[in-house]
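After this come two complexes, each holding chain A, first together with chain B and then together with chain C.
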Partner chain A sequence: MKTMTLHVFDGLLLLSIVALAWASLATTDVRRSVILFMAFGLVLAVAWGRLLAPDVALAEAAIGAGLSGALLLAAVHRQPRPLSPVSSNDSRHQGPNGLSIVVRWAVTLLSAALAGTLAWALLHAFSSTPHNMLPQAISGNLAASGVSNPVTAVLLNFRAYDTLLELAVLLTAVLGIFSLGQATPGYQPAGPVFDGLVHWLVPVLILMAGYLLWVGAHAPGGAFQAGAALAAAGVVLRLAGRSRIGLPDGSALRIVMAAGVGVFLLVGLSLLLLGRPFLGYPPAWAGALILLIETAAMLSIAATLLLAFLGGQPESTGVKAAAKQQREEISL
Partner chain B sequence: MMTTQILYALTGCVIVALGLRGALLHASLLQRIVAINVMGAGVFMLLIAVAYRGPGLPPDPLPHALVLTGIVVAVSATALALALARRLHAEQDDD
Partner chain C sequence: MINILSSILILAGVFFYLAGSIGLLRLPDLYSRLHALTKADNLGLGLLIAGLALHSQDLFTVLKLLLIWLAVLAASATSAHLIARQARRQETDS
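Presenting the complex of A and B:
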């Protein structure tokens, strides 16, 4: 009876996931597409919970649905008219996107063939004898990793090199965004209800970030989820029209942006000097070193995500903000 | 071999295909970005399904760590893509 209910739940969950993905991509209304994509992300988080992946579920809800959705919605907001088609001038008589029916069908068939190949490869892999060597190696060495949450152990210890490079990817992305232009102008000051909510929400989000960072050592959580919660606090402040959203100015901002990669590298190089492998923590210090790296990573991730939401280099608060406020007062 | 694992993995394949089709066919850059994100979600679903080893058994944490990394990289790539799209439109508007 219990498994039967679970199968029904699985079926409904998967149906709604496919339906939301399809609906999000079938519409040509960009705003609707983005909102359906956010719903898709939230239902995915439920699926990750169902598949016993609570760390991923937290990250998906906070980043995949939450912050990606905020980024995309902000982009829709900036671009009220639909983003212009790649080739719109000479192909009006063809399909809705200027593509002929033949091309559309060819692409559909190609995608279906890809899905088929993937499914075939997966079924092939499932039917062969499972390799349990890696999971066994992880659980066997968990005691020496400094943390008891196996996902955190993989991210910050066994595969710490991957996470270091991931933080470098984040830094590269935000530098790319900086090179593309200034931050978008801020929003209007919020009404009293939203403003009141901000007073409650921002401290709770900061507290939650601290909790997620700490609890990541032995339960679902960690630097990514904590960084996302911290960035969400900044996004809320930004949406409420505040000029200060928790980002430091000038060189302090640059230090926060690079802190994740910097502290990670410093720890790795110091260990090399002590005669240990790069990022090979001594088991006695592993817990403390992981917490140190995760704290720096959380700050960098939060700053990166918030800068991504701003969409460019923020004007330094101070002179420019004062001038802007003056302009706004004059225009009122 | 478990039905739950296979069911979720096959759904992942379908979502990858839906995302790829959307990314290739949509004219709007923003919707292409959404489609690539959907495609990524399909890959995540494949990995999480592979990690699942049945009720009561601990799942394989390695794919979970990969997906966590993937989610963060996906959002930063999305942000960069959106900044590129914004700049592209600003340039087009100048013409």
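Presenting the complex of A and C:
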């Protein structure tokens, strides 16, 4: 009876994931598409929970649904109002011209080929390797990893390379954001109700980030989830129209942006000097080193996500002062 | 005993969710839809969390569940207020 109910639940979950994904892609209204995408992310997070992967579920809910949704909504907000749905429906009824039919079929065939290859590779991977080998290898070495949460052990110890490269990707992304120039000015100051929420929500979010970072050593959590919570605090502050959203100014911001990769590399290289393999922590120090790297990574991740939400360089007080000085000189 | 009590609470919570969803789909205008959705969902979540709290192992879990409820209460009340205010402004503009 119990497994039966769970099967029904899983089936409904799968159906709603596919339906939401389809609806999000099929709608012509961009705003509706974004909101459906956020719902898709939330249902996907529940599916990760059902797969007993709470770490991924947390990351999906916080980054996939929450922050990506905020990012996409901000992008929609910045765009000029699209054509009204009626007129876009009209252009649809006119029928696609010859070129777009060819392109459409080519893309469909390519996607189908890609999906088939992925499915074949997955099937191959499942059938050729005994699937309990990896968990055994992890649980066998968990004691030496410095943490007791196997996910953190893999991300920050056994496969720390991968995480280092992920942080490098984030750093590259933030360089791209900086090249977009100055961020747009923020929103109007919020009314008393929203401002009241911000007053207590932001401290709670910061506390939650610290908790997620610390708890990652032995339970679901870690730098990515904590960074997302911290970035959410900044997003809420910006939405409430505050001029200060928690990002430091000038060179301090650059240091925070690079801290994740920097501390990671510093630890790895120091270990090389001490005659250990790159990022091969001595078991006695592993816990402390992982916490150190994760703290730096959390700050970098939060700064990156927040800068992505801003969509450009924050207008720092340093730049403002310089500009003001320049203006005064000109007027003199 | 605890099982029965928590089942009743969770079922009552599900009922409020259902009522809220039906209200969202069936009620005529934005304000009454907002009313149905936020009131019913907040109460539904409260009952759900009360039911789940009966199952939790320690006090810390209960406190975390309670924090979730309080956060959702504040967030949904605020967002309902913001949506309604925006709608009202657009009404007076036009």
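Heads up, the rule we're going with is that the second predicted complex is superposed on the first by the 268 of 332 C-alpha atoms of A that agree within 3 Å, B and C clash if a C-alpha of one lies under 4 Å from a C-alpha of the other, contacts with A are read in each partner's own complex, and residues count from 1 in each chain.
Note that a contact is a pair of C-beta atoms (placed from the backbone, for glycine too) under 8 Å apart; a residue touches a chain by one contact, two chains touch by 3 or more.
None of the values given here were measured: they were computed from a predicted structure.
Undergrad: Per the contact definition in the header, classify A:L197: touching chain B only (first), chain C only (second), both, or neither.
TA: Touch partner of A:L197: chain C, not chain B.
Undergrad: So which one touches more of the residues on chain A, chain B or chain C?
TA: Of the two chains, more chain A residues are contacted by B.
Undergrad: In the superposed arrangement, which partner chain does A:T108 touch: chain B (first), chain C (second), both, or neither?
TA: In the superposition, A:T108 contacts chain B only.
Undergrad: Could you tell me if A:A47 is touching chain B, chain C, both of them or neither one (first, second, both, neither)?
TA: Touch status of A:A47: first partner only.
Undergrad: I'd like to know which partner A:D55 touches here: chain B for first, chain C for second, both or neither.
TA: In the superposition, A:D55 contacts chain B only.
Undergrad: Just to be sure I read the superposition right, which of the two partners does A:S127 touch: chain B = first, chain C = second, or both, or neither?
TA: first
Undergrad: I'd like to know which partner A:G181 touches here: chain B for first, chain C for second, both or neither.
TA: first
Undergrad: Please output the residues of chain A touching chain C within their complex, sorted ascending.
TA: 191, 193-194, 197, 200-201, 204
Undergrad: With touch defined as at the start, can you tell me which chain C residues reach chain A in the complex?
TA: The contact residues of chain C facing chain A are 67, 71, 74-75, 78, 81-82, 85.
Undergrad: Where on chain B does chain A make contact in their complex?
TA: Touch list, chain B to chain A: 1, 3-22, 24-31, 33-35, 37-38, 41-42, 44-46, 48-52, 58-62, 64-65, 67-69, 71-80, 82-87, 89-90, 92.
Undergrad: Quick check on the complex: what are the chain A residues that touch chain B?
TA: Listed in rising order, the residues of chain A that touch chain B are 6-7, 10, 14, 17-18, 21-22, 24-25, 28, 30, 33-34, 37, 40-41, 44, 47-48, 51-53, 55-56, 59-60, 63-64, 67-68, 71-72, 75-76, 78-79, 82-88, 97-99, 104, 107-108, 110-112, 114-116, 118-119, 122-123, 125-127, 134-135, 138-139, 150-151, 153-155, 159, 162-163, 166, 169-170, 173-174, 176-177, 180-181, 222, 224, 301, 304-305, 308-309, 311-312.
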